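Below you'll find a set of structures to go through.
Here chain A shows up in two complexes: once beside chain B, once beside chain C.
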Partner chain A sequence: MVDLINVSYDTQIPNNVGLSEDRKVLKALEKWHPGYINWWNGLIPEQFQKSQVYLRTAVSVDPKGWASFGYVNMPEYRWGVLLAPQVEDRKIPFGEHKGEPAWQEVPGEYRNMLKRLIVIQGDTEPGSVEQQRFLGLTAPSLYDLRNLFQVNVEEGRHLWAMVYLLHKYFGKDGREEADDLLRRSSGSDEAPRMLGAFNEETPDWLSFFMFTYFTDRDGKMQLESLAQSGFDPLSRTCRFMLTEEAHHMFVGETGIGRTIDRTCQVMNENGITDPYDINRIRELGVIDLPTMQKKLNLHYTLSLDLFGQEVSTNAANAFNAGIKGRYMEPRIDDDHQLTNDTYKVWDLVDGKLTHHEVPALTAINMRLRDDYVRDAAGGIGRWNKIIEKAGIEFEMKLPHEAFNRKIGVFANLNFDPEGNLLSDEEYKAGVPQWLPNKSDGDFIQSLMVPVSEPGKYAGWISPPKVGIDSKPGDFEYVKLHMA
Partner chain B sequence: MSKLIDFQTDPSKYRHWKVTYDGAIANLYMDVDEKGGLFDGYELKLNSYDLGVDIELADIVQRMRFEHPEVKTVVMRSAKENVFCAGANIRMLGGAAHSHKVNFCKFTNETRNTFEAAEKDSGQKYIAAVKGACAGGGYELALACNYIILTDDSTSSVALPEVPLLAVLPGTGGLTRVTDKRKVRRDLADVFCSTEEGVKGKKAKDWKLVDEVVPNSKFDDVVEERAKQFAEQSQKSDVEKGIHLGPLSRTFSEDGSVSYSLVEVTIDREAQVAYISISGPDADAPTTIDELVEQGDQAYLLKLARELDDAILHLRLNEMEIGLLVFKSQGDPDCLLAHEKLLNENQNHWLANEILCYWKRVLKRVDLTSRSMIALVEHGSCFAGVLAELLFSVDRSYMMEDEFEGDNRPLATITLSQSNFGLFPMSNDLTRLETRFLGDPASIDSAKDRVGEALEAAEAEELGLVTMILDDIDWDDEIRIFMEERVSFSPDAMTGMEANLRFAGPETMETRIFGRLTAWQNWIFNRPNAVGEDGALQRYGTGKRGVYNKERV
Partner chain C sequence: MTVASKQHLIDPEICIRCYTCEMTCPIGAIEHDDNNVVVNADICNFCMDCIPVCPTGSIDEWRVVSTPYSLEDQYEWTELPAQEDFPSSANESETGIEALDPEMAALLAEAHKGAGGKAVAPASAAKPVINLHTIGKPAKATVQGNYRLTAQDSDSDVRHIILSFESDKFPVLEGQSVGIIPPGLDEQGNPYLPRLYSVSSPRDGERPNFNNISLTVKREDGGVCSNYVCDLKSGDTVDVTGPFGATFLLPEDPQARLLMICTGTGSAPMRAFTMRRQRTVGEKSGGMTLFFGARSSDTLPYFGPLNKVPEKLLKKHMVFSRVPGQAKEYVQDRLLSEQEDVAELLSDPNCYIYICGLRGMEEGIERSFTSIAESIGLQWTTLRDAMREEGRYHVETY
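After this line comes the complex of A and B, so read on.
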């Protein structure tokens, strides 16, 4: 166990922010850290806390070798505070302050806005760990178990990163907000996480893969926009977080890909050509493709909700203030101030979906969501390649953005996955084909049995093509603690 | 914004609120229909409100008292997730004419005062059960409740973000109730009112911004428990059944006149004058309180109050260029006093009490109307008791003296009753006569000695109850000249002068809201920093900040 009293913050916490000389942050972290360790210990089942997990740890920001791999007891993981290197003479890249030197301290006038954005971002990080807390018990392999924990510790580190900003730049309020990040908890009646998708359950491994593919990709888009921030410490923090986030989406994409691959393989081995022959496919212990499509529909649409209202004052304010930019801001060919630009957003006129132009400044959320939709489409193509290669006639699809939405112009309206507006009855009749129901969940759950022998995989999922850190197929990614 | 705004509604027409009744407890849910704005050009997102939403609330509060006297606790909450109420709709405010904004704020203020006073007046206690964001006008709604419960989910907060976000004030009583009602320390209030995100959890309780902070998982239970507990503690007597408030009999004419059953509004548009003529009772007073209940919404004094209330609101919002309101009455003062007497003698009866309290509110509404107002005490008039209060509410009163040629109506008289001496306090908490004779208790005593006497012009003048008495020869000319002069003045100067002269004497929370807070707010509503093209209110939603002229004025 970590010695809570005598943590050497300089040696225990990899950092490039001069932590050992920063009395203010040290004092705050000393108070916060025990709560964090309690949170972590209360969260992950004990047998895994005591296991040796082959994890990567961020130890520097050198792009050539920022991480080191090795066996770690998770409670002793070195959650670091690392910011991407400072760019000399960095200027605020957008908004009304465009061209002014980037802020190294919090500008008073934007203090609340910045704090709110950091708190919301920070709230998602531990939220996902909480959602995934029991998955370790049903991991389909040690490889997957290790990936789960990798994602978990890195989300934990991202929480650290946000807490560092709160402690360093937001004084007493910041410390209170940092405490509240540990007080809220996913799905809690008492104090739920701030965003809906982070209060949903992640009941099984397919959900986990869908979550890391779709929901962590929202995280990526948010981090990309915050990485543009005129508030330099936030920008630098987020830039470094993005290097880790890529792995999470990799886990999601390959996880879904391997599940699809396995299903196709079993179908072929058993001469099943009809992907809708669901009962027979399920009897063979793999997840049928239509059910995977349903899971996709659910996680994709939940993630779309995370982008908020299409037309948003808060987003406009944050952009104009130079606090939160757009995806790939430097590559966008405009004035980066959006003085006269417009952008197309969805609208519903007389029951028909249409696009209409609104001031681009107010459509920042819509634009980011559009970028997200494009980004998310990539994996779909690769999954369909797997299906096509197996000779099965089925195509995974992103449902229409209007489907199953709780936020924005489509909220609580009855659209089918093609974007047709339906009556209550039509919609009710269609839902079982579009979204996973309890029996789908029960079936997937029935497949969730742990496999803990190195190199072995549960029957519903294929092994990965390559190992982590180029390790061989039978590498023991987790040395399980046997009580 | 030129369409007629109607202040009459009923539960079958509600779009924004839902009420369920459960014995002594009423559950009031705010569930604003985004597309249900009174005007085009904005959507009422996040339970934000416009005048239409508030008209429904006012109707609910009114019906709660008359139709549901069994209710002792009203729990106000949101039917939407994650938001209690986001306050007045900013786009509506940004797009509204100054005059609309001002009238909107006044009406919402009056509605807040009405449900706030419901505990003291009617034994109906309002609880705000706050879950989710409760900002600006949303917190002001809660502030006007008698008890605020906030959930401690580490996200829900109460906030007054107007100053940092919009460069205007929390003008629906917000600033005033924070200090005067909740007694928040002024420096903490300063922090609170300049922090956009507000205050949550324990701190909100410590700062006295809310009465109780409860764990989120126990929230619904605690709210229910408090509602029951307050209902049990209530001193209000049990009433089985209320009366129904039916629709008003009302017709609008092309020329702008409005006909009710007891009130006639006629408009002289060229002269910018509206005449509000009140009819006395058309039947004898009921002899017993049961008879009054039987009459229900047809009871004379209730019907008259409802009609007069509606007429005033109509003139305020729909007849902006009518600068002078002239009150007149015709009827039998003795009969009117008989109607009033039944109420006065049965103040412990719920309906009598409600009608009297309603008159208190209507008279305050008259006091607060930003138009020049006069009363003409003509022959045949019935300015007695509660209607005599109108004489002390308006800016000036003129009374006919002696017989007029060709006029065989009874000579003009004024009759005071006990109710002129305490039943209808103004917002400064003094009676109108106390305000009129501020620092002159002897005059009040002299008036009191004459209670029940039909005072003719000379006597009324001597007692200081009217501004001027005029005989047959002078009447028409004097009145005409006064009116012509009055409407020739600057409406702004008139509004300012009248608002100052009407409320002599001590400040109360109410006068501070309608005087200090409103006046500053209305000043800010005229300043470029808020409403200029680059002002914060205009720019809200565009993503661009307001540009401020930094000169302190």
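After this line comes the complex of A and C, so read on.
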């Protein structure tokens, strides 16, 4: 009898899907495995590969077992294939097949659509590890270093999750796609990652925090909608990935919050009340709030592009087919088929932004993006509370959705962060105040010095309020390998 | 009357609203609005499924409350309320919560198992505060003194250690324990868990109103924590968790009689009880009887000070097992030779029994009690179970 809760270690690949009894897939995965390890070893600087990192590893998919903490050498991390427990009698929750039993095998008519969605999701996972590969060298503390590696190993595991689905359900072309996931590389000229945001650099820790807050949150929304899928193995995979994804949101939200907190603290200590007194603030070795707003503008708008066209027949087809649902599908009060519903999407009429109604089925992307915007706004409010508590007059804001877009109705139009359409000259003049430029990047880069003494933090960021796994403040989250 | 209960809460300042806990909760006890994620006290059964899945640690918050915070209360919070002050309104004995950390609760359950059933606090005991300080947020104490209690030339090194809490509140009752976290890591590279030590000072402090406590600690060969504690110097700072324990407590009723039996550092709570009585009833009859076993007078902690406590406050039986030229005598032997007095205490419905010390002492004491109970026509196990359920029989052994 296959144990579907506890992770089995009887094969090279930890899993709860009975791999040892599934010889064909096991063989295929074992063949893929060395390529993965090569990819990992070539990516993360060697001194970290040899360090002991305090990581969590899932030892089972029930709540008590999925966060087992201990020191791990990263190349020996137990990447594995973990699916949330099967729900008995699960039905397809939406689309034209709504109410039919969930598919345990790939329905032939949707094979290509499913494969494409899995490949796109799978492509983002190694992409982000590639983008973040050098950050370890400038980590502001051992705590942050540990969080970076936790994010990295889990993105690696998410790649495994997608690769398992490709190997198990898509035969030869699935295996080819799995190989391509290791062949493409972030920022590469010949074989870049599939989505734009995953080819951008993550040059510094503030960018990393912004990325985990804004871009990983797109990942969360995508996983949420795939977790609704009528294809049950995909749903179960994504459900388990979501529990891990929450940690990435946490790293982003608290990382930005701690950076803001430190800036406010240093401003107060030096009697600076004007948040725009940028030079003085920077001289004190902290990142001024307006620069953080610029970073926010950039990462938020790049992430909005990940949702694709507002009106999309691909998204409509995937919904109708029961392959990809909506955020919190079971909580939405409608027919879950969208036969007569409409949804408001942005439009541009005579240079003016308006909303207009379109069939809801075609507006699936827009709806998910709206859910994303709401979800992303929560953290902004909590950051503003930090600023308010410090008595500084400044408010972080999400820019208008029209600003700095490359995809969708606003693509390549000159909107300012308030959503006003500008002339080319006006826009050009405004950009330095809205988006980070090279000198902003250079300044942030100049603060990126590694701190490796337990319990100590770089001067530009505050310590966290609570340790990982309730560890005390001076806990040695990474035992660095000394060459 | 309000009954205290333990409530599970989420720290809104730390929570990032990922709702993973809500999705994980098997019984739907967690919900959220646009502001906060909250736990419904009527539903939550402390299954702890939500604890490991939380990425932030904000989920691991607990309060002992007289009235649970409602969902509406929790939705309004921007920060977690402080633990309410308890000394007078809650009754831990009715909730049976000794500690909120599972590890500490397990240690106390193990220590109390010699009582033969679920421990119950004396009905008139003051209401303890528990778990105010956790492993993640220990109280900082400064060492005020560290004195050897046993003779310099004896091979037993038992110490009296006084800890002062500067700014941290640390309300502790006689009979409660605290956890001490030794610095450093164990062989697996994990930080040490706290070790529990019974407090040997009364509730108002080793020195009244100085916010300090005393501990009685014996140095054990190779013992990480006991060596750490025994080597502490004045001015050192120590991480302290707790207080823990909600049943091994002193009845407030001044008429209550106490029969205390201890060995070695098991004398710690007995000292606390005695000092509390001394401070509250003065030199009047304390109604307390102590059987204290040691190898010899120079290994018996507090031998000197104990001798100065008047007999009418505390009737003392100091029993030695290794005095040259004398027959070995253990506490159970002395119980038998004082059979008449002990029998009178056993039959008094206002008598409370406390046993504390090494686990090995239990068996001999049980045998003596069985024999003494028989002599007055009672079956010991029945009497013991009745006493325990009335909060009158307490065992803490290790």
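FYI, the second predicted complex is superposed on the first by the 472 of 483 C-alpha atoms of A that agree within 3 Å, B and C clash if a C-alpha of one lies under 4 Å from a C-alpha of the other, contacts with A are read in each partner's own complex, and residues count from 1 in each chain.
Just so it is clear, contacts are C-beta pairs under 8 Å (C-beta built on N, C-alpha and C of every residue); 3 or more make two chains touch, one makes a residue touch a chain.
All of these numbers come straight from a predicted model, not from anything done at the bench.
After overlaying the two complexes on the shared chain, residue contacts for A:Y427 are found with neither chain B nor chain C. In the superposition on chain A, no contact is made by A:F443 with either chain B or chain C.
By the touch criterion stated above, A:F134 is placed in contact with neither chain B nor chain C. By the touch rule above, chain B contacts chain A in their complex via residues 45, 152-155, 164, 195-197, 215-217, 540-545.
Residue ranges of chain A in contact with chain B, taken from their complex: 96, 112-113, 115-116, 180, 183-184, 188-192, 194, 309, 313, 315-317, 319-321, 338, 359, 361-362, 364. Of all residues in chain A, only 52, 62-67, 70-71, 242-243, 246-247, 249-250, 253-254, 378-379, 385, 465-472, 475, 479 touch chain C in the complex they form. The touching residues of chain C, counted against chain A in their complex, run 11, 13-14, 16-18, 20, 23-24, 34, 48-50, 52-58, 60, 78, 134-136, 138, 188-191, 239.
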